[in-house]
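Quick heads-up: structures coming right below.
Next, two complexes with chain A in common: one pairs it with chain B, the other with chain C.
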Partner chain A sequence: MSERITRAQIPLSEMTITPGSACQGCGAALAARLAFKALGPNVIRHGIPCCPDSVTKTPRTGTVFEGGGALLTGTSRGLKAIGRDDVKAVAFYGDGGTYDIGFQGLSAAAERNEDVLVLTKDNEAYMNTGNQRSSATPKYSMTSTTPVGPKSRGKPRHKKNVPFIFAAHYVPYVATASVGFPEDLIAKVTYAKDLKGFRMIIIQAPCPVGWRYDPAKTIEVARSGVQTGLWPLYEIEDGQNFKLNYKPKELKPVSEYLSPQRRFRHMTEDETAEIQEDTTTKWDTLTRADELGRLII
Partner chain B sequence: MVGNKAAATACKLARVQVASAFPITPQTTITQYLSEMYARGEWDFDFVNVEGELTSQVVVQGASRVGARTFTCTSGPGLLYMHHPMQVTGSGRLPVIMAVVHRGYKGMQPDHSDLMSQQWTGWGHQYVEHAQEILDSLLMAYKVAEDPRVRIPIAVGYDGYVLSYTAEPVEIPDQAVVDEWLPPNKPMPSILPDEVDPSTFGRGWGGGDPQMPWKTHHDAIMGMEDVQKEIMDSFEKTFGRRYGNGMIEEYRMDEADVAIIAMGTIAGTCKAAVDKMQADGKKVGLIKLRSYIPFPNKDFQEWAKKVDGFAVVDRSICPGKGGPVYMKLRDALYDQEEKTATLQFHAGLGGKEVRVHDFKMVGDKILKAAKGEKVEKITWV
Partner chain C sequence: MHGRGGQGAVTASRIIATAAYEEGTYSQAIPMYGTERRGAPLTAFVRLDDVRVRERELVHTPDISIVLDPLIAKQQAVVDNLKPGGLVILNTAHKPEEVELGGDFKVATIDATTIALETLGRPITNTAILGAFAKITGLLKLESIEKAILKYFPGRLGEMNIAAVRRSYEEASDPIQAVVTKAPAEKVDIHVGGYGVLKDVSSWRLLTPEIDVDTCIGCKNCWIFCPETAIEWDEDTMKPSIRYNACKGCGLCANECPVDAIEMVRVEA
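Then we have the complex of A and B:
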């Protein structure tokens, strides 16, 4: 498991290119800035269609949208074949490339325990094409393909539990992180960087354009996601060992996270209560797993 | 040695560093041979057993981009599933070599519809006749693809079942000779952090003009013709075997008035028919087409000056358009001063048997057409 660091331990060197192609307040750009600080220069960044692109000073390789897991595999195996496994194959993919179109290839790479690091910036919809729903979109979220109307209350189903699915491949390391908790994020990337085998960190990356909040509030939105229990920060090693990294005495009510975002503005009190109950139940499960130090699957 | 074993043996001789494949009939046994070779540690390579063809194509793409020599293989539907990443391999100018064990897509049996459907992905396409030619062509493909003048992936196609699972005598060249003839691959451009050009970050080819990547890609494939001919000469010098000039292989064309054009295993059947026809005094020869992309325009333009008719036997059809070799041949001959008679034959589709007497019928028809007699332009054999 990662070790806590202080803000002073965050590397000063910048590995991302500014201004880049990101929008104001882009959570994904911030995720790249923080994660690649921890990774340093000896990295080949893997990109598949997602936004923002062209973000790091490291070499970059890319392929078809659905080929993320396969490309990492090829790079990693190729580097070993040419005797350069000092170079790290690192993915910086979106939730579409991880949860949806790229899911099969990543699952297969995890099953083979490829020596790769997958960083997913999860902005909970296909933001590159204008905010269409993905399987990372949370319930009731309004997107351009789950609009609200007489027959629709936004997205009808829950977000897919991708960290647990990948943990169930019994890979060395799976973690969640948030741009609102940079020390935690950097500590996890630093820890995962030098492990061998398949490692994945899913980073909560708020998108002011898609989530529809003031771009100045990205950090506040990210933090409230964690503080309400909707985006718990945890680590899972070898599919078994579990650690909850952020444990407030009391969770904030989910409405603190939902109400500033206009993607949830149509939600009724009952719907908010449903999300609250669901979040509390899931949080109880996680805290129990944390007490045991392991998952009971 | 069966054709699929010849393909796996070529990987070993070429000292492939990363191979990846997903089993599909009739390619399946290549994946098994490679797995066995890996398990026995026959040479230092990595074999990645993957969950689908799309992944196998992308795995070799990734490994090739960092500079490893790579191999993959598939058949019919598996090749269609690879279509999307194949264009990335082509556009990336990655010297990936792939064996395509033909399986048509209207059934399990062989025809050339699988590889023909991938014409727009920017690869070199070759069609071979027998197991020895599989092994030799794969070795030559690495040398062509990795040549700095080329840097184009190449698919080597051979008919499923008829070649993949049929044993024929195959001469295996000496490893030391192959090692000397085929030096290790070098990536260009390198994407390693300490070697990458910082102005491109490894993104590589192309410039400001969005058409330039298309033009350079097209020019590189057109330039393969000379390189393939040169490497065929060098192959013969080193290993003592040759297949025509690499682009086409003529059979008993010295005395021929007309030529049958065929590809793959049925070209072998055609050779037997040519022997019989020439014994009967009929001046029919064979031009076996080895390289469909690039197409041997110059060779056919030269042959058009010497013969009076071409009978094209296409083992695939683009429904609503026609036989791809016939269309391309007519295109190559359009600017010739004298018109040469051409006939289209559709044969061997869906694995339909093509026999010696079928080729004799093809020969009789093109002889008639060459004399100016009226015969139907299109025949389903």
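Then we have the complex of A and C:
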């Protein structure tokens, strides 16, 4: 499990070349900046179609959505063949490339326990093409393919629990992180960097355009997502050992996360109460697993 | 029509086309396809004609250029491709006589940002320039624009936008011939399309952060949370400084500063 770090321990050197072509207040650009800052220069970055976030000084290669897992496998095996243990194959994919289209390739790579690090910036929809729903989109969220009208209340189904799905491949390391907690994010990336085998970190990356809030509030939104329990920060090792990284005495009400975002503004009190109940139940399960130190699957 | 992502240039082009359609004119609205980002400069085009518009191409030599953003309005590129004797409508607080764009065209100005902020509460300047467009060009009636707006923004939002259009209609001044006749030698391309690293994004900003170093307590919040690495940290003095050509003006730093040492100031246009 990762060690806590303080802000003074965060490296000052940057790996990103800015200004990039991301929108104002982009959560994904910040996620890229923080993650690659922690990874340092000896990294080959892999990309698949997604929003343009920060450009990094590392070499970069890319492929189609479906090929994400295969490309990573090729790089990591190639590095092993030429004996470069010091260079890491790192993926920086979006939620579409992890949760939906790229899922089968990554699942296969996880099952083979390839020596790769997968970073996912989760902005909860296909934001590059204009906010279409993905399986990372939370329930009741308004997107351009799940609009709100007389017969639709936004997305009808829950967000897919991808960290647990990958943990169920019994891979060495799966974690969630958020741009609102940079120390936690950097600690996790630094720890995962030196592990062997399949590692995955899913980073919550709020999107001001798709989530419809003022770009200045990116961190506020990210932070309240964690504080309300909707985006719990945890680590799972070997599919079993479990640790919650952020444990407040009391969770904030979910409305604090939902109300600033206009993608949820149609929600009634009943619907908010439903999300609240669901979140509390899931949080109870997580805290119990944290007390035990392991997951019971 | 030049604007930046989030100001509604594409919507404005559609409103003009819809309004013209309401009046029985053939019309067409197309945005330029690229990597549209919130804050990034973009262009949309409208064709109006008495006969059916069969062309599907972008407009390369427009009769009228409408600029939704005060900073883009300072760049020569917005008038470069105008037909001789064309018209440019700029969103700026300056008078037409003070505009420093060179060439043979007519200039009209309207302070659409102020109108938008006062009527809509947000700097979305698309509707706040349409009133001026209707008055200056005389191509469209105010009523048909209002009708078109209600089609795109039903309800209260539509009423607010109509208020913006009416105010802009009243405040618009008559166009005058451009004072400067020669274009400047140095030119900046306003399109920053594509993925990758950009040179300068300072024209993306509506609000600029300013740091009060005396109030700063050195918590590093602004530095760690800046998505564009626009804030540099000096480890010796424990104070931040801003790289203004990388700052897109999102306001994250000001929002996260625990002691309000960063203030977002409106850019002088």
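Convention: the second predicted complex is superposed on the first by the 295 of 297 C-alpha atoms of A that agree within 3 Å, B and C clash if a C-alpha of one lies under 4 Å from a C-alpha of the other, contacts with A are read in each partner's own complex, and residues count from 1 in each chain.
Criterion: contacts are C-beta pairs under 8 Å (C-beta built on N, C-alpha and C of every residue); 3 or more make two chains touch, one makes a residue touch a chain.
This is a predicted model, so every value here is computed, not measured.
In the superposition on chain A, contact of A:Glu277 is made with neither chain B nor chain C. When both complexes are overlaid on chain A, the residue A:Pro52 reaches chain C alone and has no touch with chain B. When the two structures are aligned on the shared chain, A:Glu14 is found in touch with chain C, with no touch to chain B.
In the superposed pair of complexes, A:Ala81 makes contact with chain B only, with no contact to chain C. Contacts of A:Val64 after superposition on the shared chain: chain B is touched, whereas chain C is not.
Looking at the shared chain after the overlay, A:Ala108 reaches chain B, while chain C stays out of its contact range.
When the two structures are aligned on the shared chain, A:Asp238 is found in touch with neither chain B nor chain C. Of the two partner chains placed by the overlay, neither chain B nor chain C lies in contact with A:Glu291.
Counting contacts by the rule stated earlier, residues 54 of chain A appear in both its interface with chain B and its interface with chain C.
Those residues of chain A that touch chain C in the complex are listed here as 7, 10, 12, 14, 16-27, 29-30, 33-34, 52, 54-55, 179, 182, 208-209, 214-220. Those residues of chain C lying in contact with chain A across their complex are 5-6, 35, 37-40, 192, 194-198, 200-201, 204, 219-220, 224-230, 233, 235, 245-252, 254-256, 264.
Residues of chain B that touch chain A in their complex: 17-18, 20, 45-46, 48-52, 54-68, 70, 84-85, 88, 191-194, 196, 198, 201-203.
Note for the complex: chain A touches chain B at residues 41-44, 54, 57-61, 63-64, 66-67, 69-82, 84, 87, 104-105, 107-108, 111-112.
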